[in-house]
Structure formats: structure tokens, C-alpha cells
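So, here come the structures, one by one.
Shared chain: subunit A. Partners: subunit B in the first complex, subunit C in the second.
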Partner chain A sequence: MRKLFTPENNWTFLQPLLMSMEHCARCHTCSEACHVYEESGRDPLYRPAYRSEIFRRIYHKYIINGSTFSHGDVDLNWKTVSRLIELAYRCNLCRRCAQTCPIGADNALLAREIRKVASQEMGITSKECHDDGSMLQLTVGSSTGMNALVVKDNLEFIDEDTSEKTGIKVETPWDKEGADILLLHNAGEIMAWPENPGAFAVLLNAAGLSWTLSSDIAAYDGINYGVWYDDVQFARVAILHAQAAKKLKVKKIVIGECGHAHKALTVIADKVLTGDLNIPRESAFTVLHEIVKSGRIKFDKSRNDFPVTLHDPCNVVRLMGIVRPQREIIKAIVPENRYHPMTPEGIHNYCCGGGSGFAIMSGHNFSDWRHHVAGRRKFRQILEAFQGEPMDKDHPKYVCAPCSNCKGQIRDIIKYYEAWEKAGIHYGGLVELMVNAMVDAKPGYIDWEWH
Partner chain B sequence: MTLISYVVIYLALLVFAIAVIARFIMWSRLPMHLRWELYPVAHEASRAHYGGSYFEESEWWTKPREKSMVGELKAMIPEIVFLVALKEHNPKLWVRSFPFHFGLYLAAAWAVLMGIHGFLAAVAPALLAGVIGTLLKYAIVASGAAGMGLAILGAVGLLHRRLSDPELRDFTTPADIFNLLFFIAVFGLTLATFFTVDRAFSKFTFLVHNLVTFKMEALPGSGLESLLPQASLVMLSLLIAYIPLTHMSHFVGKYFAYHAIRWKDDPNLRGGKEEAVIHKLLAQPIDWAAPHIKGDGKKTWVDAATEEVKRSKKT
Partner chain C sequence: MAMFKAGDIELEIDEDGFIQEPDKWTEGIATALAVTEGVDDLTDRHWKLVRYLREYYLKFGVAPMIRKLCKDTGFKLNEVYEMFPTGPAKGACKVAGLPKPTGCV
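Presenting the complex of A and B:
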């Protein structure tokens, strides 16, 4: 833990870390903002400040020999350490709590620092994030386990399928040197939601953009799980992404519908990538918004004549300030009276409950906890957004979740609560909704019965 | 006794100044960190109201950035003066915390006004004989009495909440109680002095005048009349020295929490001045011991981030 407080080992987050170690008034204002705490029935264990307080006490007592009179006492033993690490994996790192702190303390950051010291020093982390996540990505190419051949093969199927569905010939360009855009998909989309990369290809081709995917290791998967638990793993993946872009001499990297990939490469990697690796990075939302504004593709709103609500992925919205482009796109492709915003929305939105890697975790009873506790607030928000609509399967409704992890989590809660069968609630990304309204495409791109 | 009081007060003020400056230096000397902003970012002039950022622009790196100082002030002033974030997110706490903090601001204004009075008495005594002097006297009485009264009220409220709310009890340290009691005791003593022997704070003003002009004269009068103002001022100075030594120094930290973290959204543009700093940071050695890093104190960040990664058998 001492290493966390040395500038060599932790220059990456030393200042924000110290800020939150030094300053907390223990006022619990942050508790009210946390969906995990609230939906757990206000279990004190899940107070945002609880794990932080234990961590702070250890720091003050054992690292800087501070007085327990001022900072409180705690015994350092394996039980405390292991429970603390476990608790750090009961936080979505959504930073909604940090928005409300009157002092500027950040419990999400501390949860991440706890995860970090556990991973970087002790090698303790979640299997899904590390062994089956970033390690797989760094060695095989993708956390999905797909190597370059498999991913190209899959994309070929997707192209064929999309061409058939839309009536538009689709071809995904690979390793096109000199393309303007290197598009980074979350490879989970390719496996679980092929209509998403398919829709991207349709839109980018129809708009006449010069783009490509890369088959280099790690570069056909935009994920970067290090952002949740490990700075070294984070840097390794970010560098591979940038190297692939450099090799293809693209003008910019565009990040597809994946929230943490957005934040990882655009914001966090900003102070890691330099020189010819410092290639401009942009959200797909702004690229898509430009396409809509340009009028290069015609959309027919009436094709999306069903209730739509929009989920704001924390990483893109609260943590990057991209709020309007996706709303402007929805305005252009969904009839006005069919759009039902969530409450609260935008930067104050609640996490889906799958943030920080939860969406890919399911060991032991974790899925139950994810459905019952972490994802419960989001599910309630979805139900509330559709209030007033007939709640049955004959009246389909669409939760637009433009982020792979959020989509995975929303898929799981919809399934768990049988929301499709009972209330006709379906989910998907933003590009699917766009292609669904595309005049030049055959109608019916959204497949309602598919889950 | 008087001399000791003056010396203690000077020392206490020195401790305060050194502690605050040291904190400023400590926070500003920390290395550049990875970006960790949180929206809304107040200097996003036309976007701050909904929490937008320059990332909403396509090819944002080619567009001029809006950075509004006015926007920052519009967010900072209400936050500092009225604690608006607390009011919005925790109104129950705000009704206690706001009077406490506002009382502190008024008490600080009281001290500054007495300092001004002391300064003017030394350099332009004629000014004090006129309207300015009268206004200053009223302002001193009003800010001192109201400030300390409000601060006591707030502190009692906060103490009551800490002791009676079961949700807060586990998180309360002895120092939290002590800090609030310290405020109540010191402001209580000062207010008691005001009501009993110094209704115009003139004795305090006299002492402050001496502090400003380094005169160290004894306070006229005897017994409690002389003892209470001195004791109050000494205790106030000890309180001032104590604040920056504790987590109550958050008034310094909060500035950095916003300007160096939450609102710190400056992009590292290719060829810009930040790249050289980043190179230096990345050249630092690490000794993280986990098997996937194997830092040995020689391996640098660059080495670790660019080496070939092998999956162990376990993985």
C-alpha cells in the first residue's frame, strides 16, 4: 500500500488519491447518490464512504503513523484486507457519489485504488477483468478469445447477414492503410450483438467515410479493462490501440459504442500517449451526429414508431461530458412523442449496475447481486420512463443503451425480470436504431424477438 | 501575561500561514496525473449548464476551446459562500453546516475588519474619527457577534447530528467531537466576553491594533475585563493555527479538487508542452510486485507498458 503513495509507482493518480485520503468530513452526503447503497436497503457496507473510511484508517495508522484520535482505528489483518478488496468490487466506479461530495472527495477513485494495489502488488483481481480480460486481450487479441482470423471470419458473416437484412451490400474494410478512421469496436458486440458492428458498417459506408478495422493484436477489441483495476494493464492496451492506428496511418481513432473504451482511450490515455502515438481520438457519437447533420443519409422517423428511452453510459456522459450528440441523433430518428427520457438523465444519470466490469462478472452469486442490488435502480428507471405506455409484449419498447457493457447489464436485468415477456421491453444500441430508420435500408432492422 | 499572549498569537498566526502555504505547495508540487475529470466542468462556457464538454465536437482538436473564467467563478462563488452542492444533495446537513461556515466567514471578516481598524489607527487616525470609523465599528460588532453566534449554532447542530444519528456514529472519531467542541468553546468564550466586558469589541480592537503595529501594550483595566479579551484572542489564534493541521484544511484541498482534478480537462496535444513531462514520468522505475508486472525498481513504466506479455499457466 505504501507504493500507492510514491510518485514513481503511482504518479498516475497520486494527487486525486491524496485528495480523497486527506479530505472526507464523513458526512454521508454521497450515500444518497449511490444506487448500490440505496437499493441494498441502505446496507452500511455499501455506503460509498465505508470502504474509503477503512482504507483511510489503514493509511493513517499504518502508513503515515497518524493518530487514531483524529482518524479512527482499524486492525490490519487478512480479513480486513480481503473484505476491503471484495468491497472495492461492489462499486460501479460510476462517480455519481463524487458529484455530490461537498469536499471533493471521490470514493470511486478510492475503490479503484484499492483494486489497483490488490492487482499491481498482490496479483489479486477478478478473473473476468484480468485472466479472461486484459491478459487474454494482450496475448490472444481480444477478451472474447477471438484471434484475428476468427474475428475476420465473424465479421464476414456479419457483413453477409447485414447485407441481407438491409438490402445494402456491406463490406467491412480491414487494415486499410491511410484510411481516415480506425474504428474500435468492443469485440463483445461482434460476438453478442452482431447487428451493432453491422449497423456501423452500413452507416459509415453510406456516409462515404473512409474507415477501417485493424486486425492487429488487441486492436480489433476496443476494450481496456485496466481502466477498472490496473494502470499497467491499462497502459499496455492503450499503447497497442495507438500503435495499430499509427501503423495504418489513420487520421483519427473513433471509438464505437463502448463507454469504458471511450473514457480509457480518450481521457485516461491522454497523458500516456505521446509523439506519433498521440493520434486524435473521437467518440462515435460525434461522428454519427455529423452524419445526421450532413443529411448524407435519409432517415424516416416513422420507422421508429415505438417508445424509446435513452440510457446514459457513465463513462461517456458523467465522465466525458458527451451529452447532446446522442440526443440530437435520437431527435432525428425517433418521433418526438415517442422519446421518453429517464429521470434523472444526462450527467446525473444512474449507472446501469454493470459498470466497472460487473456486466462481465457472474461468479458465485454475483449475478443475483447484480440484478437485485446494482441493477435495480436502472431497471426502475426504465420502467418509470415507459410509464403510461401499455406494458405488454404487443407494444414493444426500446431501451437505447449505446455501450456494450451497459447493454450486457440491461440484457441481463431485462431477462431476469422477464421484462420482454411481461412488458415488451427490449434493448439495443444507437446505430441499430439509426439503421432501423434508414430510408435506403429495408425496414425492420431491429429484431424484437431476439435476445 | 500580556506579552505571552501576544507571542502566542503571533506564533499561532505563523503556524496558520506556514501550514496553509505548505499545503498549497504540497498540492501543487504533486506530479501530473492521468485525467480524471467529472462533469459538469464549469469553464465549458456554453455547455456547463448541462454538463457538456468539448468532446461533443467532431474533431474537437481542430476547434477552438471555450474556457470561461466567468463560468468558473459562477460555480465557485455560490459554492464557497452558500455551499450550494450541499444544499442540493444534503439539505438536512446544510441547515447546520451553512450557518457554521457562514459564521466562520463572518468571524474571519470580523478579524480582518479589526486589522483594518488597527492599521488605519496607525496610519490615518483622522479617518477613524469620521463616518468610516463609525461604520467600521458597527461592522466589527455585527460581523463578530453574528458570525460567532451563527458558527456556534451550526456547530451545536453538527455536534447534535453526529451524536444522535446512528448512521454517523460509526464514522465519528474523537477528533470530530473535539473539533466541534473546540469551536463552540472558543466562540462561546469570545461571545461571553463580548456580552460581559466588551460590548463594542473595543478591547479586541485595541489588542488587534497592537498586534498590527507590533506594540504589545497591556490592555487597560484589570481582572476579567482584561483577562477575558486576552484569553479569547489567544484561544481564537490557537483555533486558527489548529484548523490547517487537520482535515478541516479542506478549504485548500477543495481548490485543487476542482482545479487540478474535476475540472482539469486540458488535452495533451501532440508536440505540446505536456509531452516532455509525460516522458519523464513514464521513465520512472516501478516496483509493483504482482506476477504480471514484476517491477524490480529498475523496470520503468515504459518498459512495463511495452514489454511482451505472457499468460501464466494459471491463466
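Presenting the complex of A and C:
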């Protein structure tokens, strides 16, 4: 823990860490903002400031030898440490608490710093994040276990399938040197939601953009699980992403519908990438918005004649402030009276409950906790957004969740609460909704029966 | 780690019941694993799916995309769920002796 407070060992987050350690008025404004605390039945353990307070006491007592009278006392033993680490994995790192804090303390950052000490110094983390996540990506090429051969084979299948569905011939370009854009998909999309990379290919081709995928190790998987728990793993993956872009001499990297990839490569990677590795990076949302504005693709809103609500992935919206582009796109492809905003929405929207790696964790009873506590607020927001609509299977509704992690979590809560069977609630990304309304494509891109 | 017994064979399983050494898979183990997924009787249709998964895994070292599985075997997704109520990734892959799927899937 001492190392966290030295610049050479914490080149990523030392400054915000110090600020958050020094400043907390214990006003608990953050508690009200936290969906985990609220939906747990206000269990004080889940207050965003609780784990921070324990961490602060350890810091003041053992690191800077401050007064326990003014800062509070705590015994440093295994029970304290292990419970603190567990608590750090009961936070979605959505940073809604940091957003609401009147003095800017970032409790989510502290939760991640705790995870970081646990991983980097004690080797304690979740198997899904590390062994089956970042390690698999660094050794095989993707957290899904796909090597370059498999991913190309899968994309070939997706190209065929998409061509058949849309009536538009699709061919995904691989390793095209000198392309303008290197597109980074979350490889989970390729495995579990192939209609997403398929729709991206249709749209980028139709807009006449010059783009490519890379088959280099780690570069066909935009994920970087290090953002959840480990700076070293984070840096290793971020560098591989940038190296692949440099090798192909692309003008910029564009990040597909993956919120954590946005956080990793567009925001935090600024601390890692220097010189010619510091290649411009952009969100797919703004690229897609430009395409819609340009008028190069014609959309027929009437093809999306069903209720649509929009989820805001924390790392794209709250963190990066990308709010309008996806809404402008929705405006262009969904009839006005069919769009039902969530409450609250935009930068104040809630996390899906799957953030920070939860969506891929299901060991022991963790999925129960994810359905009942972390994901409960999102599910309620979805139901409220569709209020007034006939709630049955004959009236399909679409939760647009433009982020793989959010999609995984929303799929799981829809399944758990039987929301398709009982209320006709389905989910998907943004590009699928765009292709569904594309005049030049065959109608019916969204497959309502695919569950 | 927990152990799974099928006849004379004993295999390590993770907390979700996936076997840890996919190489040691046999048809007998598949039958026993199926029971843990609520499938007491593996019909020819079940075996068609299980063998497809097994062959794909041995060739590529990873589970196939579910869409590919449906297209190649001719089963619709709801038919897969009818055969394996916990679904293709959890139920069918487990019975075929594949490791638990990883990544954002």
C-alpha cells in the first residue's frame, strides 16, 4: 500500500488518489447516488464512503503515522484486508458517487486502488479478470480464447451471415496497411453478438470509410480488463493495441461498442502511450454520428416502429461526456413517439450493474447478487421507461445498450426476470438498430426470436 | 477444488461444474455431466450437438459461436434450450467437456 503513494509506482492515479484520501467530509451525499447501496436495502457496508474510510484509516495510521484520534483507528489484520478487498469487488466503479461529491472525492477510484494493491502486490483478483481475462488476451490474443485463426474464421462466418440477412455483400478487411481507421471490437461481440460487428461492417462500408481490423495478438479484442484491477496488465494490453495501429499506419483507432475499452484506450492510455504510440483514438459513437449527419446512408424510421429506450454506458457517457451523438442517431432512425428516455438519463444514468467486470463474473452466488442488487436499479429503470406500453410478448420493445458489458448484464437480468416472456423486452446495440432502419438493407435485421 | 465422479473416473471441476481437464472427457463422463444439468437421457439429437461442440473444440481450442453452432447443426436456438435447459454455453458445452466460456460473452 505504501507503494501506491509514490510517483514511480503509481504513475497512473497518484494525484486523484491523494486528493480522495485527504478530502472527504463524511456527508454521505454519495450514498444516495449509489445504486448498490440503495438496492441492497441501504446496507451500510455498501456505502461508497465505507470502504474508503477503512482504507483512509489504514493510510493515516500505518503509512503516514498520523493521529488515530483525528482520523479514526483500525487494526490491520487479515480480516480487515480480506473484507476490504471483497468490498472493492462490490462496487461497479461507475463513479456516480464521484460525480455527485461536492468536493470531488472519488470513492470508485479508491475501490479500484484497493483492487490494484490486491492484484499487483498480493496476487488476489478474480479468475475471470486475470487468468481467464487479461492473461488469455496477452497469450492467446483474446479473452474469449480465440486465436487469430479462429477470429478470422468467425468473421468470415459473420460476413456471410450479414450479407445474407441484409442483401448487401459484406467483406471484413483484415490487416489493411494504410487504412484510415483501425476498428477495435470487443471480441465478445464476435462470439456472442455477431450481428454487432456485422452491422459495423455494413455501415462503415456504406459510408465509404477506409477501415480495417488487425489480426495481431490482442489487437482484435478491444477489451482491457486491467482497467478493473491492475495497472501493469492494463499497460501491457494498451501498448499492444497501439503497436498494432502503428504497424498498420492507420490515422486513428476507433473503438466499437465497449465502454471499458473507451475508458482504457481513450482516457487512461494517455498515461501510458507516448511519442509515436500516442495515436489518435476516437469513439465509434462520434464516427457513426458523422455518418448519419453526412446523409451518406438513408434510413427509414418506420422500420424501427417499436418502443426504444437508451441505456448510457458509464464509461462512454459519464466518464467521457459523449451524450448527444447517440441521441442524434436515435432521432434519425427511431420515430419520435417511439423513443422513451430512461430516468435519469445521460451523465446521470445508472450503471447496468455489470460494470467493472461483474458482467462476466458468475461464480458461487455472484449472479444472484448481480440480479438482486447491482442490476436491480437498471431493471427498474427499463420497466419504468416502457410504462404505458402493453407489457407482453406480442409488443416487442428494444433496450439499446451500446456496450458489450452492459449488453451481457442486461441480457442476464432480462432472462432472470423473464422480461421477454412477460413483457416483450429485448435488447441490443446501436448499430443493429441503425442497420434495421437502413433503406438499402433488407428489412428485419433485428432478430427478435434470438434469445 | 471440487471433484466429480463418474464410475471409476474422478475429475476436478470448477465451482460451476465444468471439468478442468477437457482431454479426459469420455462419453460416459458426458452422460454423468448431463445429469448435473438436468438432462437424464441423452438422445441422438443431444449427441449430435455434443459431438459437434467436441469436434469444434478439438480443432479450434475454443467453443464455437452459438450462431455457427445453430447453422452447422441445423438446430434452432430454442431447440438447443429444449435439449439443454441451461443453454448452449453453460449446459451443452459443459456436457461436451469444454471449459467454461471466458471473456465478455
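Note that in this section the second predicted complex is superposed on the first by the 451 of 451 C-alpha atoms of A that agree within 3 Å, B and C clash if a C-alpha of one lies under 4 Å from a C-alpha of the other, contacts with A are read in each partner's own complex, and residues count from 1 in each chain.
Quick note on the criterion: a residue touches a chain if its C-beta (ideal position, glycine included) is under 8 Å from a C-beta of that chain, and two chains touch if they have at least 3 such contacts.
Since we're looking at a predicted model, the values are computed, not measured.
Subunit B and subunit C, once both complexes are superposed via subunit A, fit side by side.
Touch criterion met: A:252 reaches subunit B, while subunit C stays clear of it. With both structures placed on the common chain, the touch criterion links A:103 to subunit B but leaves subunit C unconnected. In the superposition on chain A, A:305 contacts neither subunit B nor subunit C.
Contacts of A:32 after superposition: subunit B is touched, whereas subunit C is not reached. Once the two complexes are laid over each other on the shared chain, residue contacts for A:171 go to neither subunit B nor subunit C. A count of residues in subunit A touched by subunit B and by subunit C gives the higher number to B.
Using the contact criterion defined above for the overlaid structures, shared-chain residue A:421 touches neither subunit B nor subunit C, since it reaches no partner.
By the document's definition of touching, neither partner reaches A:392: not subunit B, not subunit C.
For the pair subunit B and subunit C, the model built by superposing on chain A gives 12 Å as the shortest CA-CA distance. Subunit A residues in contact with subunit B (one complex) as well as with subunit C (other complex) are 136. Every residue of subunit B that touches subunit A in the complex is listed here, in rising order: 27, 30-41, 44, 47, 50-61, 83, 85-86, 88-90, 93, 97, 167-168, 170-176, 178, 246-247, 249-250, 253-254, 256-258, 260-262, 265, 267-270, 274-275, 278-279, 281-282, 284-293, 295, 301, 304-306, 309-311, 314-315.
In the complex of the two chains, the subunit C residues touching subunit A come out as 14-16, 60-63, 65-68, 71, 77-78, 100-105.
Touching subunit C in their complex are the following residues of subunit A: 128, 132-133, 136, 142-147, 149-150, 153-154, 157, 161, 186-192, 194, 221, 223, 258, 359-360, 362-364, 404-405, 408, 449-451.
By the touch criterion stated above, subunit A contacts subunit B in their complex at residues 3, 7-9, 11-16, 18-19, 22-29, 31-33, 44, 49, 53, 67-72, 95, 98-106, 109, 119-123, 130-131, 135-136, 138-139, 231-233, 235-236, 239, 252, 266-268, 270-276, 278, 280, 282-283, 286-287, 289-290, 317-325, 346-348.
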